[in-house]
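As structure tokens, the structure follows; a few thoughts come after it.
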Amino acid sequence: MEFAGKFPLLFGADMLAAVAFAVTGALVASRKGLDILGFMWLAILTGVGGGTLRDLVLDVPVFWVVEPAHVVACLLTAVVMFYVAPKVESRYRLVLWFDALGLAFVTVAGTVKGLDHGAGPLIAVVMGVVTASFGGIVRDVVGNEQSVILRREIYVLAALLGGSTYVILSTLVLDRIEAAVCAFVVTFVVRGLAIVFGWSMPSYYREPRPIDDPTRRDRK
Amino acid sequence: MEFAGKFPLLFGADMLAAVAFAVTGALVASRKGLDILGFMWLAILTGVGGGTLRDLVLDVPVFWVVEPAHVVACLLTAVVMFYVAPKVESRYRLVLWFDALGLAFVTVAGTVKGLDHGAGPLIAVVMGVVTASFGGIVRDVVGNEQSVILRREIYVLAALLGGSTYVILSTLVLDRIEAAVCAFVVTFVVRGLAIVFGWSMPSYYREPRPIDDPTRRDRK
Amino acid sequence: MEFAGKFPLLFGADMLAAVAFAVTGALVASRKGLDILGFMWLAILTGVGGGTLRDLVLDVPVFWVVEPAHVVACLLTAVVMFYVAPKVESRYRLVLWFDALGLAFVTVAGTVKGLDHGAGPLIAVVMGVVTASFGGIVRDVVGNEQSVILRREIYVLAALLGGSTYVILSTLVLDRIEAAVCAFVVTFVVRGLAIVFGWSMPSYYREPRPIDDPTRRDRK
């Protein structure tokens, strides 16, 4: 628990993020009708994916190699979900809500760890946003779902606001724990309201028309 | 060959895994009607993908940067396959068999290297399983094939059993080479039997029904 | 700017590559009708993706963490494109041309940095080619576009020729700046001609026939 001792805040955020995202990975595995090992695989991939990218980019030891507890948590989550998921898998909104939880935790963890390792405020926030969405992206790509990032409703904005909240509060007024809690709440509430009310941001969307692309010879 | 000298076992496993996966990458390239450089690209991506992720996560020098032999092997494999593949590409089972070979080699290499660099048994096995399937996942995602992980037959289980075999045997009785050979055999045989008999594990699969998801507005 | 001071050539190439690829990411975001944060997300992912992989594999600090200027450039590009893209998004060729620019810059940056950090000529060129196509691959995979690598026209070849040009010229005759300029020109011209004339390399392509694969049970 040496790692956990040094960064209890990070340890907790990573752990909760791993479990929340592992649930979404398992739910996707359930919708695909995978066996229990498929559940475990997608749970681990989604649960630790974002934090792994973060640690690689920051060039620090990958958290789940230092502290296996996160992987154990993902595996246990997968086992539980394997028996629970069939009863809830049709409720796609559950994926959205646990994804929102994971989003909030990873945003905080990413921003905190970014700042802790000397990244500037901007990079720290970008780190939080990118790693927060990475796990879900991988889950959706591997699981043949539509990338969460391609949905129009508010998703990245929640992470952006949450990360900024931590940067501002931790530098100005509060200690890191309080700032992290506020950042978590901001991210989760914004994302949650977007889910409830289907909030989306304006876009210049136009119906895609057949693209003039002589080089496009799709063979699929 | 300094790297090869230090870890002859790893060098061999990585090399054989690179060739086996390079063959599958080239076969996919062939099915997509790519040119020879497309063959090389997919062969390298699939051949060294898993080991690259493993080395990044373990924070050790990436094996093919230290020892270019693996990349050369992938390139030669791609060239050979460019002329051979058209005669065999319809035999999709060939992809499965070489994929099984690669799976066994990467599982061993991942588990061995994980243990060698101080990861605990659990993490070492997870390392073996994840890196073993990573190359195939990337190949399938980039090549627009269905992710190997989404197939229901036994795949991850083979890697799991193989990795566990190495951990147990190498700690208890045998020297690392013997343990690695046993682990390879276990992985390949289990996966091979699954291919031959279409073995699959039980799942709670239900036919996907239209998902109630107000946020889903697919634009493709 | 310490990093920029040490490698002005790399700094410039990375910056221009980031902007060029950010434009393509934003154009894809525009075709998907994403909001401005979706633009920023895809712009950053595409703009710094290739260089990030390169730095991770070379085990050097990731360039945009050391020097945030690249991320700022991607963000500004995304904002501009958010308002400009709708007027041009139907011109898919614009994606191709900016992608060609990015390809040329990343190829140079990848090869240069590979050599600078002690990789052999072969690995340096492979580094250039792989990282040059990586950003576009990620953009296409996340954006649900056909992977650029699956198109048959000349793409990888351009990067291959460009990278080789740098290796040869820099070792034999010219200083690194001149060699880099030549490599850029070679890559961009070859790729550009391929776009203009739809050049493609020979392949053994056969019309895909239903694959005999008993293990394939697609559930989507």
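Points to keep in mind about this one:
Labels A, B and C are assigned to the chains in the order they are written; within every chain, residues are numbered from 1.
Everything below uses one rule, namely that a contact is a pair of C-beta atoms (placed from the backbone, for glycine too) under 8 Å apart; a residue touches a chain by one contact, two chains touch by 3 or more.
Model, not experiment: these values are computed from the prediction.
Each step here moves to a touching chain, and the least such steps from chain A to chain C number 1.
Residue numbering shows that chain B and chain C use the same positions for less than half of their mutual interface.
The two copies, chain A and chain B, are related by a rotation of 120°, based on C-alpha atoms and rounded to the nearest 5. Averaged C-alpha coordinates give centres for chain B and chain C that are 26 Å from one another.
Within chain A, contacts with two or more other chains are made by residues 32-33, 56, 59, 141, 144, 146, 150, 152, 205, 208, 219-220.
Across the complex, chain A is touched by residues 30-38, 40-42, 44-45, 52, 56, 59, 61-62, 64-65, 68, 71-72, 82-83, 85-86, 89-93, 96, 141-144, 146, 150-153, 195, 198, 205, 208, 219-220 of chain C.
Those residues of chain A that touch chain C in the shared complex are 32-33, 56-59, 119-120, 122-123, 126, 129-130, 133, 137, 141, 144, 146-147, 149-150, 152, 156-157, 160, 200-206, 208-209, 211-220.
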